[in-house]
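Quick one: structure below, then a few questions.
Naming follows writing order (A, B, C and D), and every chain is counted from residue 1.
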Amino acid sequence: MKKVFALVLTLAMALSLVACGSGNNGGSGDESGSGDGGEKVVKIGVYEPSSGANGAGGKKEVLGIEYANSIAPTVEIGGEEYTVELVIVDNQSENDKGVSAAQQLVQEGVSIALGSYGSGVSMAAAPIFEEAGIPAIGCSCTNPGVTLGNPYYFRVCYLDPFQGSVLANLAVDEFQADVAYVFTELGDDYSVGLGEYFTQEFERLGGTVVADQNPAGNTDMSGFINAAKAANADVIFAPSSTTVASLLIDQAASAGIPLIAGDTWDDAVILQAATKSGAKVYFSTFYDEGASDEAAAFMNGFKGWLGENDDKMTNNGGTDTVSAVSALGYDAYMVALEAIKAAGSTDGDAIRDALAGVTYTGVTGDVVFDEEGDVDKNIIFIKGVDAEKGAFYSVKEQGLAE
Amino acid sequence: MELFQKILPTLLSGISAGGQYALIALGYTMVYGILRLINFAHGDIFTVAGFVMFYAITAMPLYLAIPFTILVTVLLGFTVERVAYKPLRSAPRMSVMISAIGVSYLLQNLMWYVTGGQAQQYPSIPWISGKVMVLGVETKVVTVITPFLTVILILLLVFLTKRTKVGLAMRAAAKDFETARLMGIKIDGVISVTFVIGSFLAAVGSMLFFTNYSTVSPTVGMMPGLKAFVAAVFGGIGSIPGAVVGAFIIGICENIIRSLGWSTFSDAFTFALLIVVLCVKPTGLFGEKLEEKV
Amino acid sequence: MKKQNNLKTLLVTLVTIAVFAVLSVGAEAVAGNVDGMSMLVPVLKKTAVYSLIAVSMNLLNGFTGLFSLGHAGFMLVGAYTYAILSIPVAKRAGVYQYYDGGVVQFSIPETFGNLMGESVGTVIGMLLTLVISGLIAAFLAWLIGLPVLRLKSDYLAIATLGFAEIIRTFIQYEGFAPLTNGSNTLRQYASFKSLYAYVIVAGLCIAVIVLIVNSTYGRAFKAIRDDEIAAEAMGINLAKHKMMSFIISSFFAGFGGGLMAMYMASVQAKSFTVSMTYEILLIVVIGGIGSITGSIIGTFLFVGCSEWWLRFLDESANNIGGLKLLAPGFRMVVFSIFVMIIVLFFRRGIMGTHELPDVFRFLRKKIKGKGAAK
Amino acid sequence: MSESVKNVLRVENATMQFGGVVAVDNLSLEVNQGEIVSLIGPNGAGKTTAFNVITGVYQPTNGCVWFDEKKIIENYPRGKMKKLYQGQNAGKYTETLSPSPDKITQLGMARTFQNIRLWKGQSVLDNVRIAMHCRRTSNLLTATFRLNAKEEEAQTKEALELLELLGLAHVKDELSTSLPYGQQRHLEIARALATHPKLLLLDEPAAGMNPQETDELTAFIGRIRQQFHLTVFLIEHHMDLVMDISDRIYVLDFGKLIAAGTPDVIQNDQKVIDAYLGVSEDA
């Protein structure tokens, strides 16, 4: 009897869940339904993590997109005013969950997708978007594999080969480094890839590289720091996630070796860690508020927008620091609108063709896509941590040495 | 001397890591000794302690935050036992282990929800966060303190188990659960005490750990937790000195491997060590020999 | 009579799979045309893949009583084998971008596609590659099983868990990167597109597991689970049968890993962690340890809850009144509380050790019984 | 005994020592073809341990066991035990031969357990069929795809016959643990018979049975010996049964053999009477 009871109860639970779920989804369905009646609607998918390892970063990217949407909520297609509806899905920073999320976007009938933070999930979604004929614009996914061989994937940020090379140049220009200790995360394609490009360029410039990899979940970085010291490294190049980074920063501070890293380090976590430990930290980023008028305007507008809304502020990590990924999210959204406008249609293939010809001046620089779907950005912003003020400051704009 | 200068940092890191593993490993080994349960949630309790400290320090002064953290952690350990393990006392061991995995899953998701997945900077604790020179190598005070504190805590623990009534009851329960119960030992009480002590050690361990590695994130406790468990098995699960020796061996070995540039395999090595020990001497280094019963 | 029974079972199985395949075509149509059902197809695809993996774990943990936590390792091996062997040659340079296209310079589905015609050949090649994935996982299981299977309950659990971690490390190791692509993702390999393909392939595999469970070997496995000493005393070779169960389970875990690679469209070793094993274990527990239909139902509920029905809990827009409870991550908290409730209060899971047909039979009997009483 | 005497089981100087405790001390005994032999003794005398040694569950510390004129088990004190060993005949045995219980069962020896060890989750019929697994000719492939249907059919038929014989046919689909105690004991015997043993070892088959059931069991053991050409070696406390059924009896006390012979001899043996003295027959 108890068994039967348990079974009935569980089934009831399951059924109520189904009811809840479909009720909720039905709600969102209704919204688009009302769109069919009166105003015209074009759907833009947002494919970002809001949970999992990259959840914190993903949420900031979404904020940039939402902010852009609040600035430009409509788009003109063929003389008609369309309302832009954002369909936001959570890819949970994991490939298998990302696939479900991407398929959900396809099923929802979005015209174009934006995202994601993290190259791995973007690459996982690429075939799904391609098959469905939906173009996608990556915001901060820097791995070449995202666009390479994926005709429907574009992106508004620079690529790892470029970023890695620039950072190697920075190491030489700024620190006169002969020996670099390259610290990457085992199993992380972003980290390992960037490390690889840095190594290639640094060695080309005549330096020596000592490399090691950190296995996932390890928290003890002292061994790496010891090894870097033993190798007489002038700089430590450590492209890594923020969690690993803050562990590393803390322990590297005592060694007095400057740390260089990639775009992921543009984050409040790094600021805290570096301020607390007094480590010398430099990283590349996509955005500098002082670089252009557009950038400054974005910063002010974005901060104001965050201030109006508690939830948004929470999603930004509780501060009103403007992350580069938010700026990229903003640019990606604006580029998408340009393309929709140029295509004059909500059809994915038409938008894809239009994207190739879009030119747009964004807050992170000019956007013009090449045949691979990448933008040609030849300068990278380098920022550092001012430990005394507890703030990021612009170091320089670094390009490649010829 | 030059060689010594090179090896010393590695050794220091190893001993410090070992001390921290030891404090976590004790929680595993004590619970296993009595319940024959791998408390998979122990690593997460350790992480929760880190977060509690992080939030406590924003609301109260340090001298209150430390006891508060310990109290909350101990309460959590106690509650987990009462809610998730006690109802399953007569169930097969597999059920309890699954429950432990479930608790671990729950705690991780809970931490994720509360913190939003952001890694947090652990507050510095004045007496142990400073720097000190050891034989010409600069290191954190905590690195030096950890092994000593560990040894002191362990001596206290050994005293507790050997010289007090509760300790006697614990040893009796570990030897034979049923008989101990028949002899009038309040088994639930003994188990609670075990969890309380284990969680206390986890709280202290987390303070030392996060002072050294000052970032708290929801999954940060998983690997140290697993390694501490490996240490406990390596030393002979159920044996207090075994867990400690195992923890130090693993801490030092790991750091030696890293210093040789084989970091990729440092975790794999730990597990390989475990498997070799299990296959060659299933009771671990100091494990009590179990008589075969049919 | 027995023979007829077998034929009947076979027929029932095939019909069931066919019905599911037809239903899945229907589901695709529903998802495309009904509002709010957009997650149906991805959830069902994942359910098909995870069902197979959960059932394969159940064979070992539920039917043989060997508590192993190494499943993610075998899935990883299967997924990687499938991916490595089926990336089209032309795309290898792009995938193995740091390693000059890697060392493997053929693609089984492509080769078969060329030999036997694009559509048929590719599918045959894909199936063959899946089988190879399973075989390699099984071979690894044999190697690991030799030392590890002598260990008892929780020691076995921790040792297999350790092995899974070791496997992952080796796959990520730079030294093997020309083969495995190291830390980088493998992608652009051939995969099934339609839901029914997943349902049929996973269904057939589960059918084979059902056949094994109900064969004389399956009965021997259950005997080992129920009482090892009695099983040995009745002439069942423990080492051999445990190994057999471990190998079969790992074969299907590898096969399922290959299917999962297809579903995910790209694979990376770092997602195959202990947490993945825990998730599958929890699925098995929810469904009922020792019930195959239970595992399938459990998978559907698990995947549905974690990816679909509970999503509204993550939207802060859905907060009612001043409560700020709903925020990203809340879904997983609610979900893990559900899981704990099942683990604690419905220890036997949804189905216990029963199968769905048993339940139907039971109900029918009951109704008949009532009718007779009247 | 019409045919010439051939022994099925011979235990030679078997000693089983756990740590410092000698549970079985230098036990030697023989069981001949077709005989019913009993092993009796007070509680804790080491009877079940002796069974465990014979069936391979324990590895004896010293001594050897012969089955069907072939040596199947042998051991001598090694390692730590070398110093600890307190038994006799140290140095006499030099080989180590310790097959696992399943190998021994496949040679033709089957047993029942004192503390019933049926497979809990399985039906009565499956309990018997699982015991036939060791005689299968199918392999995994043929079994999975039911190419062994004939064998399965034959096995099921035989299992049903065995259940019929033991009066369990009407409960064949019940769970084994749902049976009353006496029927569980019967099922244990059916399961042992299903392995086609030459020698059947029964560990207290009448424990917990009332006098009437015990009588039935006595008759039954006699019957199956005839029908399956069995040799039976049993441990029992019910003296009625033992005296009634046994061809010969061995008596153990504190691990040592104190008497051996026909029921008549044993009943009048002073040592045996001493061992049991002051204790009623049914102890």
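We adopt the following convention: a residue touches a chain if its C-beta (ideal position, glycine included) is under 8 Å from a C-beta of that chain, and two chains touch if they have at least 3 such contacts.
Not measured: the values here are computed from a predicted model.
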If you walk touching chains, what's the least steps from subunit A to subunit C? 1
Starting from the Cα centroid of subunit C, hunt down the chain whose centroid lies farthest away. D
Just the number, please: Cα centre separation of subunit B and subunit C in whole Å. 33
Express in whole angstrom the distance between the two chain centres, defined as the mean CA positions of subunit A and subunit B. 36
Dist(centroid_CA(subunit C), centroid_CA(subunit D)) in Å evaluates to 43
Would you kindly tell me how far, in whole Å, the mean C-alpha position of subunit D lies from that of subunit B? 48
When you check subunit C against every other chain, which residues touch at least two of them? 169, 172, 174, 229, 327-329, 332
Going by residue number, subunit B touches two or more other chains at 112, 116-117, 222, 264, 267-268, 294
Subunit D: positions in contact with at least two other chains: 57
Footprint of subunit C on subunit D - complex, ascending: 55, 57, 100-103, 105-106, 110-111, 113, 117-122, 126, 129-136, 138, 140, 143-146, 148-149, 152-153, 155-156, 191-192, 194-195
In the complex, the residues of subunit C that touch subunit A are 31-32, 35-39, 41-43, 46, 91, 94-95, 97-98, 168-169, 172, 174, 182-185, 187-188, 191, 193, 260, 263-271, 273, 301, 304-305, 307-312, 314, 316, 318, 327-329, 332, 338, 342, 346, 348, 350, 352, 359
Which residues, counting only subunit C, touch subunit D once they are in their complex? 1-3, 6, 10, 208, 211-212, 215-217, 219-220, 222-223, 225-227, 229-239, 244, 290, 353
Can you list the residues on subunit A that touch subunit C in the complex? 3, 6-7, 10, 13-14, 17-18, 20-22, 24-30, 32-33, 50-51, 55, 59, 90, 94-100, 103-104, 107-108, 120, 123-128, 131, 144-145, 148-149, 184-189, 191-193, 196, 213, 215-216, 311, 314-315
Partner subunit C, residues of subunit B touching it in the complex: 36-38, 83-84, 87-88, 91, 93-95, 97-99, 101-106, 109-110, 112-114, 116-117, 222, 226, 229-230, 233, 264-265, 267-268, 270-272, 274-275, 278-279, 282, 294
